[in-house]
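Take a look at the structures below.
The same subunit A turns up in both complexes below, where it pairs with subunit B and then with subunit C.
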Partner chain A sequence: MSLLANRAAPRQVAALPKRGRRGPRTGWRGPLLVAPFFVFFAAFGAYPLYYALQLSFIDWHGGATYRWVGLGNYTYLLTNPDFWGALGNSAIIWLLIVPAQTIGAIVAAGALSRAKLRFKRLLRTAVIVPYVTPLAAMAQAFVLIFDRDYGVVNHLLGLAGLPSVEWLTSTGWSKVTIALLVLWKSSGFALIIMLAAIQGIPGEVYEAAALDGAGPVRTFWSVTVPLMRHAIAFFVVISTLGISQMFLEPYVLTGGGPYNSSTTTGLYLFQHIGASDLGTGAANTFLLVIMVLGLSLAAVRVFRESR
Partner chain B sequence: MTGLRRGAGYLLVALAVVVFLYPIWWMVVSSLKPGASILNDPLGVGPFTLDNFRAMFGSVPIGQALGNTVLVVAVKGAITMVLCPLAGYGFAKYSFRFKELLFGVVLLTLMLPTLTLVIPLLLEMKQLGWINTYQALILPGAVDAFSVFYMRQTISQVPDELLDAAAIDAAGTLRTFWSVVVPVIRPGLAALAVLTFFNIYNDLVWPIVAVNDPARQTVSVLLAGLATNVTGGSTSSGFDLWGQLMAACTIATIPTVIIFLLVQRHFIKGLLAGSVK
Partner chain C sequence: MAYPHDQVLSITSRRDVLRGLGLLTAGSMLAACGVPTGSDKPAALGSSAAPSAGTDVRGQVTLWMRDDDLLKVFRTVVPAFNAKYPNVKVDLKGVDINTKLPPALISGAGLPDGSFWEDDQIGQHGEHLYDLTALMAKYRDDTIQFKLDVLTQDGRLIGVPWDTDPGLLYYNDAVLSGAGVDPASLTSYDALLDAARAIKAKNPKARPIPLEQDDTLGMMWYTMFLNQQQGHGLVDPSGNLTLDGEASRRALTWIKTVVDEGLGARQKFASTAQITMLDEQIISLVPWAIWFIFIPQSGLKKTTGQWRVANLPAWTQGGARSGLMGGSSFVIPAKAKNPELAWLFYEFAVYDPEGYRKVFSKNSVYPTGLNTVVPSVKSALDPAKPLVERLPQLGGVDNWAISTKAALDIPAGYTAPTWYGQAAKYLGANLQRLMDGKMSVDEVISRSTADIKKNLIDRN
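Let's turn to the complex of A and B:
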């Protein structure tokens, strides 16, 4: 890739496309316009990736000495319970977030697009505001809101006569609290996507369904939702990418604990940086790339082919 | 019956509005509460004081961090807003060899998770000696695949006739772009500008790796660092810090909320641009 990016632009200068001489927008101007992107991509994308690929085969802790270990970093990770533990945590967090958020957003979008409620715009704005707030700030607020002793949530539970919950300090709840933060922050995005998908469905489709005598609920699930599948696939892929890279939420909320119960794949990757174990970190990066690309392609395929 | 359903609808809407806005509201209210009342009375509103803000400005270099953030947003945003539309213009309206292949590279990088570049880029910055520099914060990620992709989609809708007319007037490439293309794609540019602002302002993954010197950190890095001050110790040691922490978070958050309310339409347009693939 780095070869391509480095050489493509200069080459165009030399070789004018034959038929292109007639048109006004040919020659070297096009390559020159796109060149900056490829310069940046070569410098801050392709080159570091290539360098990291080499690094993933050596044992290096940032000092002057290093040692070639072949696939050692990869086998170290793949046989490391912490690696699989982080993957398991991320999978559980994914399960806590994506199905509920996707279905919730579909149903809410369906209800909102039909209902003649006032305040619809207010609702949309309120739901999307968390999405634009800085995660670093709101995660801090969540730490205090979910504090065991002084947090608002446990205070409210107490008022309702319910026992306090160890939101951040128990292995059972730490993942749930992280999922709640993500649900709070990104559900507005889900709603916007689903609303746009519903509004993009042509009215004739509903007329046809009405002629067939389908009721509103049936129409929604067997006509509307299947027509939204591209939007749904897009959202699931984006969420999966986001959750696989998630690191700040556990970093601020729980520090990955207790007992690594909330260490996600993203946070685990970061811990290699903290430990200056850069060869392993590079290997971890490529394992993550392979996994994420595989998951994304699988999701796209599932949603493209169903129905 | 319909009245009942309508009532239930409004109730749900009200509940959703409260749930989604309450954490922000609580953060702001708590930042204004004196002393330990943030702990003793978490639901209460008032009495209010600016003590937390005064103390926080005294103990945390947030002014410096805000300045750094403004600088990074301005310079990095300007690079994005100049180079990505031009690249989109090249892909949309020019024909040259290997164009499809090169655009394929753009699409491929679109799929690449940002986190995967963190360690490789960190190593590169170390090689270059760029750790704790502005160029480390600004240059990586200044030109991104999504923006190029979005600009190509937007500019391909500009009619070729307009460009041909400009060519007859012997207008050069940049002049044509500036005086013919830019006026037509202004809504798309606005959406890109808004998205770019929020992306850079809220970016954390890269800045947290690239800088650790307080003189160079952005607001997000500063806030992430404060986390360890409070959660690292037990809550009992952090009583006074709660109010100050919420003051810092409020200062970082309020600009995003205000700007969002001003440019909401463009923001949503930009968000949806990504989903139509």
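Let's turn to the complex of A and C:
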């Protein structure tokens, strides 16, 4: 058969499987192919979750004996100032990070996606580098950089005639320093998300905006940002999850101090687990899950309704 | 533009999520009564485990150590152990013990046959550890009493005492000489304050006494002051809190005086800031655990050779010149596969002169000997037979004699409550407030007592 003949041949349409009332028959192959996922999910996802939920109703420190406490662990946490203190610390850190990082990433992505920008590749690489740097190493470097007596930041402040700041040892500034570390570390990730979103916007939309007489600023706020709302929602949810679980940053930078003022919800949870107070730790986990789930659903709804 | 997560969120409605959580909760509450499957207290590891001859013993033993210099030191002991027990293969592993051992003990999975552990961590896991009372019987009289006190839980001895960490006074001799202070006069904490005042009068920038910024270490420092005065620490033999006692008030008032008179330097142990302050002669009087010794040995540049060591000052006339700050032991999990072999190794390393000499005498890791701790075995603490060499960094003073005297003088009766580590969140944080001048002595006592009772004692 020649190539020409082959081209001329009518296209064969594969016969569709006969559909019964229950859909296409796949026999045992379909369930078999998806079974590994369900087995792994049941073993390493669902069962641990179920077990942890059981733990949250008992007082157990890992010994041979345990005590049923019902909702006791939950009421203990919900009436404990330390739990709310940790939640408040995380909320402040969230406020210091997420709005600034989100807006900054949108603006930076807009700038980096501009065709005429010079050194675009270099800039893109530069902002990603912190994201691939090990967090523990950077946190340790921040301890040195922000040391009250011998850190380079206070040295520079001194050269500028400004007073020293207790970056790691005052109740207010310790949270700011943690936020600075997170901003430095994860802004590259925020930029990747926003850059991907901005590059997915069709060029025709911008052409239409230009025909309507919209300038660059108007186009950015009225066209680009609204079309990025899914990415923004995604980033806000991911960031909220990350901050609710934040552990390493305060652990290395401040140890949760001074006076527990930088103890985040993740570090507070670790303190229970680390002390083998497994019941309270499990209850703490589920309270966090419920709160973060609520916040995430609220964020998604806000961005969905802003269409 | 649509993202997969949007699809997931739209497929899984809020009602579905809540329904799922509700079902999960209800099911869990029904089943929760049967969660942990524990056993009764483990049987004691009996003296019958001891074999008649070394060659009779065979097998492999896995032992966990912290992944640090001590691991390297203990690896040098293995050949000597194998000379006595040639058919035992010893696998010493460096592990983050505080993270890995508790879950291993609880689950019984991946357990070692024995493990190093800090004394204040051991108590809360006593149910998972072998009772070594019978095996240790022949060594009790040769063991420092406070180590036996720390490791005894409900009459069960649950660890092999390893190191003793007495408190000592490290001071910069050049700074003291410059201020006209005779080091021999530092026999009381009042004298220490007077010395600090004299140093500050000579150098207004000086803040001679370090005030620790880490919650846990700060609490350990304060606990050393309690032990020094009353034997027991945060709790008395009946389990009652001692925060409002005379010893506690005396120690807290002393710390407050250091703060109020600007005699203290806020920093963390072994931090860059502390090392710089030591080298710049800002800090010059350090009542701290024996393990401070590694800083003059390795961390200082300008002031190396200026440092000296002495016994702690006393709180009262004729009072103890020693107190404990730290310490660790070896434990044998009740579900270990080869507990007898673990015991044999620990017995050799801790109580056999050949073993402990191998550990403490100079080696490739510690060229002058392991001097950051001292043994818990009384017969090893002979001032006339030093296991470690004198140090030029400490002006050649007899640090072995000073350390061993301090170890033997640690007041007996100390016990670590199972919640000791968790108390740092309350007492540790309040001590920090005191050291920052933001809390009074009375407030530290009342708030710490209330918080510890509510969050730790009543819930344990």
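We take it that the second predicted complex is superposed on the first by the 281 of 307 C-alpha atoms of A that agree within 3 Å, B and C clash if a C-alpha of one lies under 4 Å from a C-alpha of the other, contacts with A are read in each partner's own complex, and residues count from 1 in each chain.
The definition used in the following text is that a contact is a pair of C-beta atoms (placed from the backbone, for glycine too) under 8 Å apart; a residue touches a chain by one contact, two chains touch by 3 or more.
Only a predicted model underlies this, so the values are computations on that prediction, with no experimental measurement involved.
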>> After the alignment on subunit A, I want to confirm one thing: do subunit B and subunit C clash, or do they fit together?
In response: clash
>> In the overlaid three-chain picture, which partner chain does A:293 touch, first (subunit B) or second (subunit C), both, or neither?
In response: both
> With the two structures laid over each other on chain A, which partner does A:258 touch: subunit B (first), subunit C (second), both, or neither?
Replying inline: second
> If you count the residues of subunit A that each partner touches, which comes out higher, subunit B or subunit C?
Replying inline: B
>> Applying the document's definition of touch, where does A:63 land relative to subunit B and subunit C: first, second, both, or neither?
In response: second
> Which holds for A:271: it touches subunit B only (first), subunit C only (second), both, or neither?
Replying inline: second
> Touch check for A:54: first (subunit B), second (subunit C), both, or neither?
Replying inline: second
> What is the contact status of A:169 with respect to subunit B (first) and subunit C (second): first, second, both, or neither?
Replying inline: second
> Can A:227 be said to touch subunit B (first), subunit C (second), both, or neither?
Replying inline: second
>> Quick one: is A:149 in contact with subunit B, with subunit C, with both, or with neither? Answer first, second, both or neither.
In response: both
>> Of the candidate stretches 1-9, 73-81, 109-117 or 127-135, which in subunit B collides with subunit C after aligning the structures?
In response: 127-135
> Can you list the residues of subunit A that meet both subunit B and subunit C?
Replying inline: 49, 51, 55, 62, 143-144, 147, 149-150, 231, 234, 255, 278, 293
>> Going by the contact rule set out above, which residues of subunit A touch subunit B in the complex?
In response: 1, 4-5, 8, 11-12, 15, 17, 20, 23-27, 29-34, 36-38, 40-41, 43-45, 47-49, 51-52, 55, 62, 111, 115, 117, 119-120, 122-123, 125-130, 132-145, 147, 149-152, 155-156, 168, 184, 187-189, 192-193, 196, 231, 234-235, 241, 244-245, 247-248, 251-252, 255, 266, 269-270, 272-273, 278, 281-282, 284-286, 288-289, 292-293, 296
> Which of the residues in subunit B end up touching subunit A in this complex?
Replying inline: 6, 9-10, 13, 16-17, 19-21, 23-24, 26-27, 30, 38-39, 42-43, 83-84, 86-87, 89-91, 93-99, 101-102, 105-106, 109, 111-124, 126, 139-143, 145, 148, 163-164, 167, 173, 198, 201-202, 204-205, 209, 219-221, 223-224, 226-228, 230-231, 235, 242, 245-246, 248-250, 252-253, 256-257, 259-261, 264, 267-268, 271-272, 275, 277
> Given the complex with subunit C, which residues does subunit A contribute to the contact?
Replying inline: 49-51, 53-66, 68, 70, 76, 80, 82, 143-144, 147-150, 169, 197, 200-201, 227, 230-231, 234, 237, 255-260, 271, 274-278, 280, 290, 293, 297, 300
>> Quick check: in the complex, which residue numbers of subunit C touch subunit A?
In response: 1-3, 5-6, 9, 14, 17, 21, 24-25, 27-29, 31-33, 35-36, 38-41, 98-99, 102, 105-106, 124-125, 127-128, 213-215, 266-267, 271-273, 276-277, 418-419, 421-422, 425, 429-430, 432-433, 436, 455, 459-460
